[in-house]
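In what follows, a structure is listed as structure tokens, so that the remarks can point back to it.
Naming follows writing order (A, B and C), and every chain is counted from residue 1.
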Amino acid sequence: MKRKLIIRGSILVLLIILGIILFVVGKQHKVLIDNRDITIDGVSYTAAAAYEIWVDGEKVGRTTLNPGRRNVAYVVGPTHEIVLQEMKGGKPVGDSIVKKFRLSVKQSEVIINIPALVAGSDSFLYQED
Amino acid sequence: MSERLKELLENIGLPRLLIALFLLLLFVIAPFVGVRVDTSINDVIARFAMNGVLVLSLVPMIKSGCGLNFGLQLGVIAGLLGAVISLELKVTGFAGFAVAIIISIFFAIIFGYLYGLLLNKVKGEEMVVATYVGFSAVSFMSIMWLLLPFKNPDMIWAYGGEGLRTTISTEGYWHHILNDMLSFQIGSHITIPTGALLFFALLCLIVWAFFRTKTGTAMEAVGSNPDYARSCGIDVDRVRINSVIFSTIIAALGILVYQQSFGFIQLYNAPLMMAFPAIAAILLGGASVTKVKMWNVLVGALLFQGILTMTPSVINNLIKSDMSETIRIIISNGMIVYALTRRMKVRS
Amino acid sequence: MKNQDSLKMINPIKQFFINYAVPILFIIMIVIAAPMSGLSPIFLINEVMTRLTRNSFLILSLLIPVMAGMGMNFGIVLGAMAGQIGLILITDWQIVGVPGILLAMLISTPIAILFGYFAGIVLNRAKGREMVTGMMLGYFMNGIYQLLVLYGMGKIIPIRDKSILLSRGYGIRNAISLDGIRQSLDNVIKLNILGVQIPLVTLGVIALNCLFIIWFRKTKLGQDMRTVGQDMEVARVAGIDVEKTRITSIVISTVLAAYGMIIYLQNIGTINTYNSHEQIGFFAVAALLVGGASVSKASIINVFIGVILFHTVFIVSPRAGKELIGSAQLGEYFRVFITYGVIAFSLVLYAWRNRIEAENERKKAMILRRVSLQDEEEEGDNV
């Protein structure tokens, strides 16, 4: 009798854990990508160049993201990678910038600011309140 | 004293008492939430007269042991045919209504006979079969409404369309023909549809009288104890078919009463679910799958229409949202489920 | 000897035709209507394949109650509702892809168990009238479902994604698009053979369900159910808890129906919040009956034959109706008529056959009694 209860209990716990895993792994997040001026913690960053953007290997948008514009990407799961390539006159300038970022399940919608990212700030990803 | 009370309670039935009290409660709350009591009473009476005959139509089949007539739609279709043909012939007023009645009865006898034959072949599973036969018939008629050659412009689709419209107004033909007959007003908001009520009462009387005749008692015998009835020399199958025909005829009349009050003839999918409210009403009135008394019809129809009218309007005003459809679904179907799950008295 | 009551013996060939009247009828209809409709074979096969992968799981969930003697479980509507609630929730939480589908299944399981348990209890109190009660229960639960989804969600149950709510602020919209999980299961591995799309994983899941049913039949619980299905009194005497077994069969059926509904909806890609589940019950039962099943006997083969035949007629009839009479609307009504008609017809056949068998049993018993009485008489004479 007790054995049955323990087995049932552990199966239940396993299922709940499975549920949590599925939740995290399957959660879709909306990532807005801004190529705009921004001020974080008193430090200002200006949008100076246009970029081509890839998130998790997929190109975001058809064309380059010019300063002052915003694009959007949908990603699923917790860990992702964004790749930026500065473009001038249709030609790449310099090396691409690669950045990994993590999203928690609470972050359904986040914003990545390109100037801040390029400048190396840790707060390039934030949530609109 | 408490023994008598207990017996009375059992006879009336707890759910019925609860619902009656609930209805009373609604009437009491009504004025406080902005619902006029007199218009409500008017609505309840009107709907009682409108739906009563359909509820009545269930009686013969319950008495003869055929169960709850989930195939009520067949009678409704007979009535619809009577109505549209009467309109096609452009007969108005009382004559029009009478023509509709006659034609409906004609079809009802045919349908009832065939339906009765079918039910005899499936004794024991009548209700499920009836449901699907009813559904199939309505779908089949939907095809027919499109194909049959009706010409009256009041009935067919405009702009040269083919087939009958979904809803056809009875305005100009026999709209409210029974309702307005001998009707009178109480106060400024209550109109009593005397004609309809009289018609309903007449039919109730006919049914009640029938079951006091020899044929009627034979029918009841078939219902309560088929083997005994057979040993008495009663042709059980024949009697069951007769009960089905009887039920179908009353159902046909029922839909005509409904239409003249409602003002519209509704075709295509409208009759699909018509069996359920009637069944819920009679069950609410105290009938069971195998037993029914005349007062079940009256009490049931009154309570059911009362609940259907009052609950939505009061609750809607109370919590400011429209729950009427959902409540209707829960109450009517809940009643039927409840009745189906009650223990059947053992039949020998 | 006087009184030769002849047993109403039906010769075996006629018996075959009566038993399989419905599928045969459907084959005839297809043979007539398919060429008339003017649809290409590839298109037809593709459509049928789609319907097969979409619906089979649901219809499979009907098999276990038949085994337990509960007849056609019109109550799978309750399972469908549980599945839908699961989907609504994951859509609100923005969980996508296969994890979304799995999570929906996970969430709908306890809901389906609850609904199934309730249905089982109700059906136990309506022995002998399971099918009607199941049907009415489905309608009743629809009301409860509406209470939950049309009024509760947004008010009592927090919904984050406002876009799925009605404009008044609470209650789910009539149609929710399932972009996140649309075809997710189907697309995991999709083969393309000669223009016919074959979603392997979905078929794999369906195959798993079939294996489960076959395995289940052999377990003790499965055997108990079959005994209960054959004769409740015998089962009771043998010590089987009849009530619990029946409830279990409904619970399993409801849970499988919930999964089946999720598979169905991920293929379609949209939930018709208030309509999807209503028709599901009838269509599933009709398809099973078309496949040659009866109220007391249904096997996996019936499911697949049924889906193929039923849906082929479904696809072909509106077009054929248009060619024949010039109105596609007619074909639409015809489809509905066929669905209900099939169920009515099968039920009538089944009940009629049952009565003839019962009559035969009675007559056999009477003949045996008469014969043994006559033997006793003769013995009495000889003494």
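Operating definition for what follows: a contact is a pair of C-beta atoms (placed from the backbone, for glycine too) under 8 Å apart; a residue touches a chain by one contact, two chains touch by 3 or more.
This is a predicted model, so every value here is computed, not measured.
**Q** By Cα centroids, which chain is closest to the centre of the whole protein?
**A** C
**Q** Have a look at B-C versus A-C and report the one with more C-beta pairs in contact.
**A** Between A-C and B-C, the larger count of C-beta pairs in contact belongs to B-C.
**Q** If you average the CA atoms of chain A and of chain B, how many Å lie between those two points?
**A** Between these chains, centre-to-centre, one finds 63 Å.
**Q** Approximately how many whole Å separate the CA-defined centres of chain A and chain C?
**A** So the centre of chain A lies 45 Å away from the centre of chain C.
**Q** Return the distance between the CA-based centres of chain B and chain C, expressed in whole Å.
**A** Chain centres of chain B and chain C, defined by C-alpha means, are spaced 31 Å apart.
**Q** Quick one: which bits of chain A touch chain C in the complex? Just the residue numbers, please.
**A** 15, 18-19, 22-23, 25-29, 76, 108
**Q** Which residues of chain C touch chain B in their complex?
**A** It comes out as residues 122, 125-126, 128-129, 131-133, 135-137, 139-140, 142-144, 146-147, 150-151, 168, 325, 327, 329-330, 333-334, 336-337, 340-341, 343-344, 347-348, 350-352, 354-355.
**Q** Across the complex, what residues on chain B touch chain C?
**A** Contacts found on chain B: 70, 118, 121-125, 127-129, 131-133, 135-136, 139-140, 142-143, 146-147, 162, 276, 289, 321, 323, 325-327, 329-330, 333-334, 336-337, 340-344.
**Q** Inside the complex, what are the residues of chain C that reach chain A?
**A** Touching chain A: residues 90, 93-100, 102-103, 106-107, 160, 180 of chain C.
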